[in-house]
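Dropping the structures in below, format is structure tokens.
First chain A sits with chain B, and in the next complex the same chain sits with chain C.
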Partner chain A sequence: MSGLEETSNDLLKVKRDQELDADADEELEDDFLVDSTRYLFYRERKEWADLEPVPQDDGPNPVVKIAYSEKFSDVFDYFRALLKTDERSERALALTAEAIELNAANYTVWHYRRVLLQSLSKDLREEMRYITDIIEEQPKNYQVWHHRRMVVEWLNDPSKELDFIADILSQDAKNYHAWQHRQWVIQEYKLWDNELEFVETLLEEDVRNNSAWNQRHFVISQTTGFSDPVVVEREIQYCLNQIKKAPHNESAWNYLKGMLQDRGLSTQPGLLERVQELKETHCSPYLLAFLFDCYEDALENSTEEEQKGTLEMALEICQLLAEEKDTIRREYWRFLGRSLKKKYGNFVEPTADAQEPPASVPGHQESS
Partner chain B sequence: MAEKESQLDEFEQIYFLRDRHVRFFQRTLQVLPERYASLETTRLTIIFFALSGLDVLDALDVIDRNTMIDWIYSLQVIPTEDESNLSRCGFRGSSHIGIPYSKKGPDVFHPYDSGHVAMTYTGLCSLLILGDDLSRVNKKTCLAGLRALQLEDGSFYAVPEGSENDIRFIYCAASICYILDDWSGMDIQKAIDYIRGSLSYDNGFGQGAGRESHGGWTYCAIASLCLMDRLDEALSQRELNRIRRWCIMRQQSGFHGRPNKPVDTCYSFWVGATLELLDVFQYTNFDKNRSFILSTQDQLVGGFAKWPDSHPDPLHAYLGLCGLSLIGEADLRKVHPALNITQRAFEHLQQLQQTWRDSSNGGCNGQH
Partner chain C sequence: MLDKHADYIAAYGSKKDDYEYTLSEYLRMSGIYWGLTVMDLMGHLPRMNRNEIIDFIKACQHECGGISASIGHDPHLLYTLSAVQILCLYDSLESIDVDKVVAYIVGLQQEDGSFAGDKWGEIDTRFSFCAVATLALLGKMDKIDVDKAVEFVLSCMNFDGGFGCRPGSESHAGQIYCCTGFLSLTGQLHQVNADLLGWWLCERQLSSGGLNGRPEKLPDVCYSWWVLASLKIIGRIDWIDKAKLRRFILACQDDEMGGFADRPGDVVSCRDCIVDNIFLLCVITVCLPLLLLPLRWIRSTHCSESQVSPSWGTTRSSRSTRCCVCLRTSCRGTGCNPTSSAN
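Showing the complex of A and B:
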């Protein structure tokens, strides 16, 4: 009997408290009795009663309004309240984690979290574990990677980075954020030693991974550089080997050309011959474009006598590309052929296809 | 012959569904479900995609210009009485910080309120598209906020409290200066240095030095240089030809953003517009480009997706339209390739700028 009475008294007490609390949700007392583990909105939590929630205000005619659930609005109404007074507290830090879970792209939440981490002198290794989990869930978000970089900088400890990034890349080997973070870590903390090996592993898995080729160039240019002829020859050999395995690979050809284009493509001893050989068995639009570029380079550096033969070969390549090997770029290869002829072909008889079609005429492409 | 006929059939069968796209953008401007929460801080860019999309479709009559203009202006950060927050001025992406809508006069200092460079850019563009005269834009504070974002290396942060910094925000800054006709907002030479430093060995541009070249960042680089009117000063003819080659090699059917990656509708604009700025877009294959873009069209809800059989979103819907506009699709307005607004909106800007110059010449100071 007394138990029941006590319960009744408790009920009355709760009821009175609710009546005094102007913001009380009328349904609360029923739910409170039924399920004390129900999610409580922040506006219902006693520990937050001192704070006035700040709603989002889009005025009378909101545009691109996102229809948030009650839970979402409630969390962010309290986030906005914390921001307004710039509160520095554990409860604020805890709330940022909830806000992040709802919208990890909100850069203000991340910034405020960083302010709190420093203000409260939080354990940054704990934060590293936290941000690791978040990035694994959302690896293409700018804010999470920026946050990680900040924490690494504060700790001045990159020791987990290369393995972590490798793990992210194992899920998407071309994730631009991951590669960018990797380059930053390597450059900032001078972690070059094993990177070439890492790149080669990735290229073995997928020789067409353009990000890995880019990283190869990044590592070599920042370590040995490309001036040493031994390095250059090694890299040429590497490229040609990869091309033999997978001829239709723009990345390998871009790397080869990129490495040599400023020192004269046509002057690299023996290269032109090796590429011409490959043309017979491992042809591709990229190989032909490379040959064209070699011939163009040769034209720039040869006598008028030598030019005639080279020009003919270059124009043949243009025609082959335009008509057969890279027809999607037909107009472009024809344009290059015309330009080359204009520049070097004073002695060549003008032919019918030397005339330039009208430029920028709408619909002139319909027949292709 | 038979092959060519079936290609023509395919070409004819894909209809451009104008009315669906108009309704897609109309719905975007109204309410989005909670799963779009990650777009909260960038809502102004979504408005831009929808408004500019409707402009390209010549369908701006479906919206209420004035209420939309008011909403955009509500996102401008107002300078405080003592002007202590100038470095934080510009436009916000949304009301997510909780600043009251109707606040017009100088406000008290809010510790976390600041503009975002991409929102200032898209905010100004949106106002232009709506026919606004920018008279309520506080040019002085926008430019002050912009200057505060540039780093020593020439790149920009997105927000004054710090964020990642890269070439995207140089593009936003250049656009802002161009629109406001005032380059005091940035150090042009430093920006050019950063852009040049982002040129990759393979002749595309990465997000920064050493990073993988990418269609989006290449657009940012070239469009910025064009807006600054420094294209030929910053890049040699040889470099420009190499960049043309990198860009034109991105066409596979539609365009991709990086070698050996799948094609994606948005690159029909990013790469297409870059090629247009470099005077060689005419040499691309319009038919294959068009076919791909239309294959990503959503026949039911309108808009375009990045890939066929995927969900459409405002960004791809807008850039798909711009891609079609570049190839001269019927009934689509022409797009200014560097500023990414219609020629119509651009002409409105030119008229405005003429008024500004006339009034400053006629004024007491006569200073520029």
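Showing the complex of A and C:
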């Protein structure tokens, strides 16, 4: 009995709470619109009374909107008014900040802000602080990053950039915009010195960070280059060490291959053996693919006699990948197998996966 | 269900008092283009208000010849391309000053062959693509320094065979689409290492069947377009497991609420920006035929999260035989042959 009563009391309570919430919402809305200590629309501000707001070209809005969208229209109505007269003033600059907060992707607002910054000879360091705040909130917005670059150029001062970008990358280590900006700063202002160290720190944190691997290639190719055999050996060692820590690492294998492919994978002394050794303990589809690439390269540089064995090994790998280790890309592996056979297979007996009966004995079929 | 999509897009233009409509103003031109593409592919193009759209585009062309995303916004290459694509769909290029558009684009080419997006100078291979795609549609490719433009794009080719936005930038599926599209249009696809790039692209496919945009990132339905189109352009689309990708895309559909999530298991959220929804719908619509799946497989009425930047689309006029992937009229959509020359 008491259980039932409690239940119905609970229900009543819930219902009352809901009604209260509904009432509170209504009141809140009224307050929001009327209470002048909260937010004033531009159309209500005395200091903006001289401007005629310019609504969107398709006419005034007949339907009652939620308060937030009304704020949006209000700000942009006044933005359009400022554009119309090309006003260059502090209040215009302040309004662009509000417009950016509402829609940071509106590139026209950023253009106008730059025009104002120059017209009013604003303190660009203060602008940098503003930009930092915006990027922290919206790190994937194209416009604000480009704006930052422009202001850094105007100031001709990159001193804060590497630390700032490092901070953004600490929140998202693969942020494409951040990496672009970093590459620009480093290249423009020749800040190469500590970058390899920075890359290694990031790779310690996440050895699969493809952006960091790309940066590694960027730094080395623009500084020492990859022709020095000492550099190449160092990089090979680095890659293989990282691969031992995390074998299924597309980026490390891409980097290794990318670094060596122009000079020929098979020409790097001892590399094939090291990879074959790794195969026993740290195998992955990427390792097998790399082995295949080594064999393919070797085929180009071998005698006919040597080619036979190499081709067999290469085709075995294709089959292994297509049928077992990387089946989702079976079409690719089959393509590679066919290409190799076509190029080098004339003198080689059919491999295990192509069982064909001898043509000279008609009707005699071997079962596979 | 296709009718629901058509209704959804047809209604978009009429909700001018919507907050979402206002919010998306800065890329309105591209939103219209994607919407029209979907409508055209579904056979519903006549439902859209052709004259209103053409008038809108006319009002968006500036003195300098460039076209803006919406009235009162600044001109930009991205929206110039979208506008020209729309006018091609409607066979009404004469509505704007074509010579001025060409002059605008020519003016954006830099000394190193790259293209800025607008007068503020952001350089990106996306803009190289926008420039040549627009000029190809206008038949005026000869007005720019094509050799220099090619030189710049090739300088963005990376050690993994992919392309980034500027020299040295990380390979990214979206940028790769722009660069392979660019090289196709300029007759330079032979400069791509198709086997190496094809491998990089098919490596985007994860065991779930979905595609990511770079190594070690999560799959996202929107990458279906950039990766698939790139593979098609370089003639390697068979390297993707199409059946698995189809399953992935369809698994992203939410049968209860409608819409697509960016990957199965994620919640379909009501995006603030309808245009992102339309973009995703456009992606799915153009991808399904590439995956040999008929359009009726789309069950959604809304789409969802997509973190992609606008304006990487295609054009397809029902009256021309221009390939919807590589934009060449010689291709006819039956297979973008990397060895055939650009029109």
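Please note the rule applied: the second predicted complex is superposed on the first by the 300 of 368 C-alpha atoms of A that agree within 3 Å, B and C clash if a C-alpha of one lies under 4 Å from a C-alpha of the other, contacts with A are read in each partner's own complex, and residues count from 1 in each chain.
Quick note on the criterion: contacts are C-beta pairs under 8 Å (C-beta built on N, C-alpha and C of every residue); 3 or more make two chains touch, one makes a residue touch a chain.
In this text, all values refer to a predicted model and were calculated from it rather than measured experimentally.
By the document's definition of touching, of the two partners only chain C reaches A:140; chain B does not. Of the two partner chains, neither chain B nor chain C is touched by A:122. With both structures placed on the common chain, the touch criterion links A:55 to chain B but leaves chain C unconnected. Of the two partner chains, chain B and chain C are each touched by A:108. When the two structures are aligned on the shared chain, A:251 is found in touch with chain B and with chain C. In the superposed model, A:88 makes contact with neither chain B nor chain C.
In the superposed pair of complexes, A:160 makes contact with neither chain B nor chain C. Annotation for chain A, partner touching more residues between chain B and chain C: B. Taken together, the two complexes place residues 54, 56-59, 61-63, 65-66, 68-69, 72, 76, 80, 83, 103, 105-108, 111, 142, 146, 174, 176, 179-180, 183, 187, 208-211, 214, 217-218, 222, 250-251, 254-255, 257-259, 261, 289, 328-332, 335 of chain A in contact with chain B and also with chain C. The touching residues of chain B, counted against chain A in their complex, run 28-34, 36-43, 46-47, 50, 64, 67-68, 70-72, 74, 94-102, 110-112, 158-159, 161-164, 200-203, 206-208, 210-214, 242, 245-246, 248-249, 251-253, 258-261, 280, 282-288, 328. Residue ranges on chain C touching chain A, taken from their complex, read 16-19, 22-23, 25-27, 59, 68, 71-74, 76, 118, 120-122, 158-160, 164-166, 168-172, 198-200, 202-203, 205, 207, 209, 214-217, 238-241, 244, 307, 309.
Every residue of chain A that touches chain C in the complex is listed here, in rising order: 54, 56-59, 61-63, 65-66, 68-69, 72-73, 76, 80, 83, 103, 105-108, 111, 114, 140, 142, 146, 150, 174, 176, 179-180, 183-184, 187, 208-211, 214-215, 217-218, 222, 250-251, 254-255, 257-259, 261, 289, 328-332, 335. By the touch rule above, chain A contacts chain B in their complex via residues 54-69, 72, 76, 80-81, 83-84, 86, 102-108, 111-112, 141-143, 145-146, 174, 176, 179-180, 183, 187, 208-211, 214, 217-218, 221-222, 249-251, 254-255, 257-259, 261, 289, 328-332, 334-335, 359-360, 362-363, 365-366, 368.
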